[in-house]
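Shared between the two complexes below is subunit A, which pairs with subunit B and subunit C, respectively.
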Partner chain A sequence: MALGELVQYVVTGLLVGGVYALMSIGLALIFGVMRVVNFAQGDFMMLGMYLTYFLAVGYGVDPLLGALVAIPPFFVLGLVVHRVLLVRVTGGGDPQRLMDAQLILTLGLSLIITNATTMILTPMPRGIRAAYATQAFAVGPVLLNQARSYAFLMALLLAGAVYAFLTRTDLGKALRAAADEPEAAGYQGIDVRAMHGLAFGVGIALVAAAGGLLATYHPIEPTVAVNFIVLMFVAVVLGGLGSIPGAFAGGLLIGLVQSLTLLVLPFQLQNVGVFIAFLLVLYFRPQGLFGQRLRAV
Partner chain B sequence: MPGALARLRGLVPIGVVVLVALALTFVLTERYHHRVLTLVLIWATMGLAWNIISGYAGQISFGHQAFFGVGAYVTVLLVVGVRLTPWLGLVAGAVAAVVAAVLIGFPTFRLAGIYFALATLAYPLILRIFMDFLGYQEVAIPMVRDQPALYMQFTDPRAYDLLALAALAGTLLLSHWIETSRLGYALRALKENEQAAEASGVDTFRSKMVAYMLSAAPAAVIGAIYAHAILYVVTPDAVFGLLVIVQTLVVCLVGGAGSKWGPLLGAAIMVPMSETLDATIGDRLPGIQGVVYGAALVLVMLFAPEGLYWWVRGLLPARRTVPTPAGVAVAAGPAGTATAALELATDVAGRAPLARGAALIDVRSVSKAFVGVHALEDVSFAVQAGEILGVIGPNGAGKTTLFNVLNGFLAPDQGEVRYRDERITGLRPNAICRRGVGRTFQVVRSFPHLTVLENVMVGAFVREAATDRARQRARAALAAVGLDARAEVVPGSLTTFDLRLMEVARCLATAPELILLDEPLAGLSRDGVEAMMALVRRVRDAGVTVVIIEHTMYAVVQLVDRLVVLDHGRRIGEGVPGEVVRDPAVIEAYLGKRWLRHVENLKA
Partner chain C sequence: MKAAGTHPRRGIQALAIALAVLIAAPTLLAPAVARAEDLKITLVAPLSGRWARQGQLKKMGAEMAIAEINGAGGIKALAGGKIVLREADAGDSVEKAVSAAQRALSREKISVGIGSWLSSFTLGVTEVAERLQVPWFTLSYADNITERGFKYTFQSSPVSSLQAEQALDLILDLARRNNQQIKKAALVGDNTAAIVFFFKPLREKLLKAKGIEIVVDEVWTPPLADATAIIQKLRSTQPDIVFYGATNFPDSIQVLQKVKEFGLKTPIMGVGAWLVTPEYVKTVGKELLDNVMSVTAAHPLKGQEDLVKRFTQRTGEPFMTQDPLVTYAHVWIIKEVAELAKSTDPKALRDAVTKLDLRSGPAASALTPGRIRFDERGRRVGATPIIVQWQGGEPFTVVPAELATRKPVWHGGK
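Up next, the complex of A and B:
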């Protein structure tokens, strides 16, 4: 096999992985701060795709811009969902039972969103015809799909902004304190419940933005969440449950594994490589490839 | 035999369920109603299968449709490929599912909690992709017109009702057996507190594996029946898809996990509801079923997280208590009867008692370091049969780490522990417990949803296979510590003192030769301390060797025969209390200079 072909697969994998990385840090942030595994994460991504789609079709908003526009409304939606549902299954109690309740609650939420979307918008797949989706930048012999390149850059930018927010701002530091030591943070006057709401809102906004970016090159349908929620879980576990940089690296890695699997296995088995990598990491390094222990950043 | 009668009484509700379903089979006339009945029976069975591993054992599995699908595919492919009758094919499917459970369980049960749940997601996804890849996207069951019954192809819909009912009855019986057997107690214990279960002699890994295998088989059988009764054409999505596990979760969680009646109740409510909705407005609103299921899950988690069965049971007046069988009911007061109960609780056949003073446990140069801290450094000492040995030392001296090494929670970095001259280092805690080493914890670790009696029974199962005999031994252990009056309450309503008694009773019920007591006097009143010390002496007098960690100095000195003193992970003193408390090194390290002056004042 030519070296050029290998480079092409690696580059394609990384470009796709950038968007996986963005959606995964949303999930990781929610887990890192709230210790909640959000099964409905993929469904908020799907809603983000639809919002971007309708903005593009109805108002001619470029999907790359649409992805950014999706951030404020989904942040608010996240706050509301947290206040109405999640507060009831977080906080005090037996952690194992709480964890079970959270998994089931968010699974139920996911079913409602997927199926209500099917009812309202029909199962028909839709797509945004962005001009750059079918064009590529040529860097030497390697081709970079333009839509994926733009999406990759935007994902990098947003992830960087989140990281700066968490490490540089007082609010971000309060969030991390609430994640690491909720009780001690409470004694320091940090409103842990509000921090949970903030984390959930930001997490949902990020995954919705990732959905908007994905919409530039991926068909939009109500059931699209199922495929991506598992990829997000894999990325977050790879990076060490709850670690933001870990989840970002995990997302890139998933894209890479998916792409490189194509070199050795037929197309239908593309995700088998991902799942096997997932199981191997769970067995041998359940703390993730990079993580030492659970923490937010 | 009254025990046998009681056992039969437990089967009556299952008989009632079967009769009701049979009656429905013959009352219903419309084909569509039969289909709904068949579906109720199928999803109840699948829910019961999931309930074995996720309800009783608490290991939430999001991948149970793997076994459902394996059962369906194996059975149908055997019909298509070699014309094997599905009556045998479903046995083959069940065997394949059990094998799959072993292959999945071995690596996956090393993971706990959330990691286990996430890992189980992957298996049906992988199977689904492989079925697509192998070209089994659509496998139709071939019509066999000459021998329809042999190929499970019936025109009378009642036949499928009966088929699913048979599977349900079998799974109900299996669940009933689990609930009332040693396995059931082990599963409930490990669900509540895995470490306490291990320390009480429950082989948690083996119990989970057995439960997983037992839950895979009915899932496969019902998958095969589903393929023949409902699907006719097997697709990866229909048997490995998300909707299968969603159906299963919905019937279990709405009905209530952890009881055999929960999935049945959930299926009887949710399946007809969603089928009716699907039939009436499903054409116009194709996602209605999913919305209803999703809403059911959300509402149950918000308002009745334990499920309807447990919610209704909570509304009913408290259960009558099982009367104490005569002969075991021993009042706590008279020491003679309590001692008799103690002997009954700790009786074990075929163990030669060691001569008093012989080395029971030999700790040889044990070291254990955590990141940057030497918790134990080259610690050696022996525990002699028949003594009460105190382990003292300031906070952080390594006392609890020492217990964790002795009972197998931690493997030492160096050195070994020998028990009755057998190396026990590297054994699992339950194996060490079975050999005769029991322990209690600094903070009591109970099984909160089990009654006090059931908590103690978990320990008693180390020596008894039969539930009745384990219950008797547990009652004796409770009588021995004077807690028999509280046998039927849950630990949450006990005082600190009673909780500690319960933990000692659970430990005694494992018929230990040696018990490790981790600060049993902590948090007790003066009276409580006296009573606990009297109990420890009685336990020793009954022939059980005791190692005790304690902070309360005046108590330790009165109680123990010998002391081992730890400081910063090293053994700095050993001997009879009178000598140890005068050892300057010990006084300096543990008691401080003030105590030294105090001792000198006493001498003066």
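Up next, the complex of A and C:
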């Protein structure tokens, strides 16, 4: 195999992985702070895709800008969903019962969002005809799809902004404190419930933005989430449950493994490579790439 | 006195007879004005999940035929009984499709079934129909749908292997007439049943027999994560023709976008009607689709302009494709079968299907070669595929020539 071809596989994998990474950090943030496994995460991504689509078709908003525009309304939507629904199944009580209730709630939410979208917007697939979706930057023999390159850069920027927010701002530090030790955070005057709402809002806004970026080259339909939700969970677990840098690295790794798997395995087994890598990481580092090993008390 | 005494008695007798006749009249006349019996049919098709659009199109075709039949007085042999549609969602997996069929057929008396678009679904659904002895019409292509000795399954489409054979002959002929030679071919598609059965004979014998080398053979399980690697292989091997089977819309869009991105000019021959739906134009634009061809079981033919007009006016769709067209034909076939059977009993209807030989009417004219007759395996006799080609943002029938609405155009050089 020529070196150029190998580089093409690596670059393609990284570009695909960039958007997986952005999708996954929202999920990781929600899990990290609230300990909620959000099965509806992919459905909020789908709604973000639709919003970007309608902005593009109705108002001529470029989908890359549309992805950013989607952030504030989805942040508010996340706050509302937390306030109305999730607050009832988080924040104290029997952990096992809470976990059951959370799973049922987010799974139910996922089903309702998917089916309501199917009813209202019909199952007809839609797509944004962005010119850059079918154009490429040529770097020697390697072609970089323009839509994926832009989406990758935007994903990097957004992930960087989230990281800076969590590490450089008081609010971000309060969020991390609420994630690491909710009880002690409460003693310090941090409103843990408000932090949960903030985490959910930011998590939903991030996945909606990822959906907007995805919409630049991927068709939109009510069931699009099923193609990505498993990969999101794999990325989050691979990186270390709740770790934001871990989820980002996990997303990139999935894209890379999916692409490089094709060098040795047929297309039908593309995701086999991902799950083999997943099992290997969990075997050698059960806490994930960036996770911390829990100490038994 | 005597005479006078008998008169009232006679009057009472006459009155009693008259009353008895009046009371008995409805019973005596009953056979002549039998109560109309409705014919309940079910459409098991994906109405949610990744193939929901196709199910929706099928439903449009069924509803249009039912409106026409019922509007014209229903089924005469059933005293004007109407056709009643019960739809069931096959979802996005074989398990869901089978479960939907099971529920639809056991909840109430269903006389005939239609479905379930994807061959993999139809294989499961027809097992339920066979067990419950309900005749089932399908447009699915896979050969093995009618290779299992089932008595209640009727396949109106030409099977995949036949489509592969005829599509290959057509493409070779078309290339020859454009002074092009086909020496290298690529097989690119997912592993759903219809595509598997289309590729199998090409891979095993047909291409070899014509001296054509397979340079790319890539099959995936939907959804496709990224199409770059496939297109890269096509770019490096430069086949003369790509046989293409991506039934999942997002997968197909990814491949077509990459074709444009990598500047590939190889002619594309799709396998199935999924490639000729209106949303393709909206998503990738007509320029990208121009000259792309697809083998399908049916597509509007010359002389069906009025039918297409009625369909587009009724549904708002820009054009009619295989899915609504064949489902429309299926409902009309069911109507004719009920006229023949004079019954709503599934077994009687199944026997009537085996005796059916339609040469005219809406059903016969919708499907080539204009005749509806099923052989002992349940395959439609003489079923031939249609080649459709995108031209100027609309798919047109280009083969068979005598029923074509446009002439085929060769894609051009590499």
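We take it that the second predicted complex is superposed on the first by the 285 of 297 C-alpha atoms of A that agree within 3 Å, B and C clash if a C-alpha of one lies under 4 Å from a C-alpha of the other, contacts with A are read in each partner's own complex, and residues count from 1 in each chain.
In this section, a contact is a pair of C-beta atoms (placed from the backbone, for glycine too) under 8 Å apart; a residue touches a chain by one contact, two chains touch by 3 or more.
Bear in mind that the values here come from a model prediction, so they are computed numbers and not experimental data.
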| item | value |
| --- | --- |
| Contacts of A:115 with subunit B and subunit C, given as first, second, both or neither | both |
| First, second, both or neither for A:164, with subunit B first and subunit C second | neither |
| Touching partner for A:184 - first (subunit B), second (subunit C), both, neither | neither |
| First, second, both or neither for A:271, with subunit B first and subunit C second | both |
| First, second, both or neither for A:100, with subunit B first and subunit C second | first |
| Partner chain(s) touched by A:258 [first = subunit B, second = subunit C, both, neither] | second |
| Subunit B versus subunit C as contact partner of A:283, first or second or both or neither | first |
| Touching partner for A:124 - first (subunit B), second (subunit C), both, neither | second |
| Touching both subunit B and subunit C, residues of subunit A | 114-115, 118, 123, 222, 226, 266, 268, 271 |
| Residue numbers on subunit A that touch subunit B, as the complex places them | 37, 85, 88-89, 94, 96-97, 99-101, 103-105, 107-119, 123, 222, 226, 230, 233, 237, 241, 266, 268-269, 271-272, 275-276, 278-279, 282-283, 286 |
| Parts of subunit A lying in touch with subunit C, wherever the complex brings them together | 5, 8-9, 12, 16, 114-115, 118, 122-127, 129, 133-136, 143, 145, 217-219, 221-224, 226-227, 258-259, 262, 266-268, 270-271 |
| Subunit A contact footprint on subunit B (complex, rising order) | 58, 60, 107, 110-111, 113-115, 117-119, 121-122, 125-126, 129-130, 132-133, 242, 246, 249, 253, 285-291, 293-298, 300-302, 305, 448 |
| Complex contacts: residues of subunit C adjacent to subunit A | 47-50, 52-53, 55-56, 92, 191, 218-221, 223-226, 228-230, 232, 236, 249-250, 253-254, 257-258, 260-262, 279, 282-285, 288 |
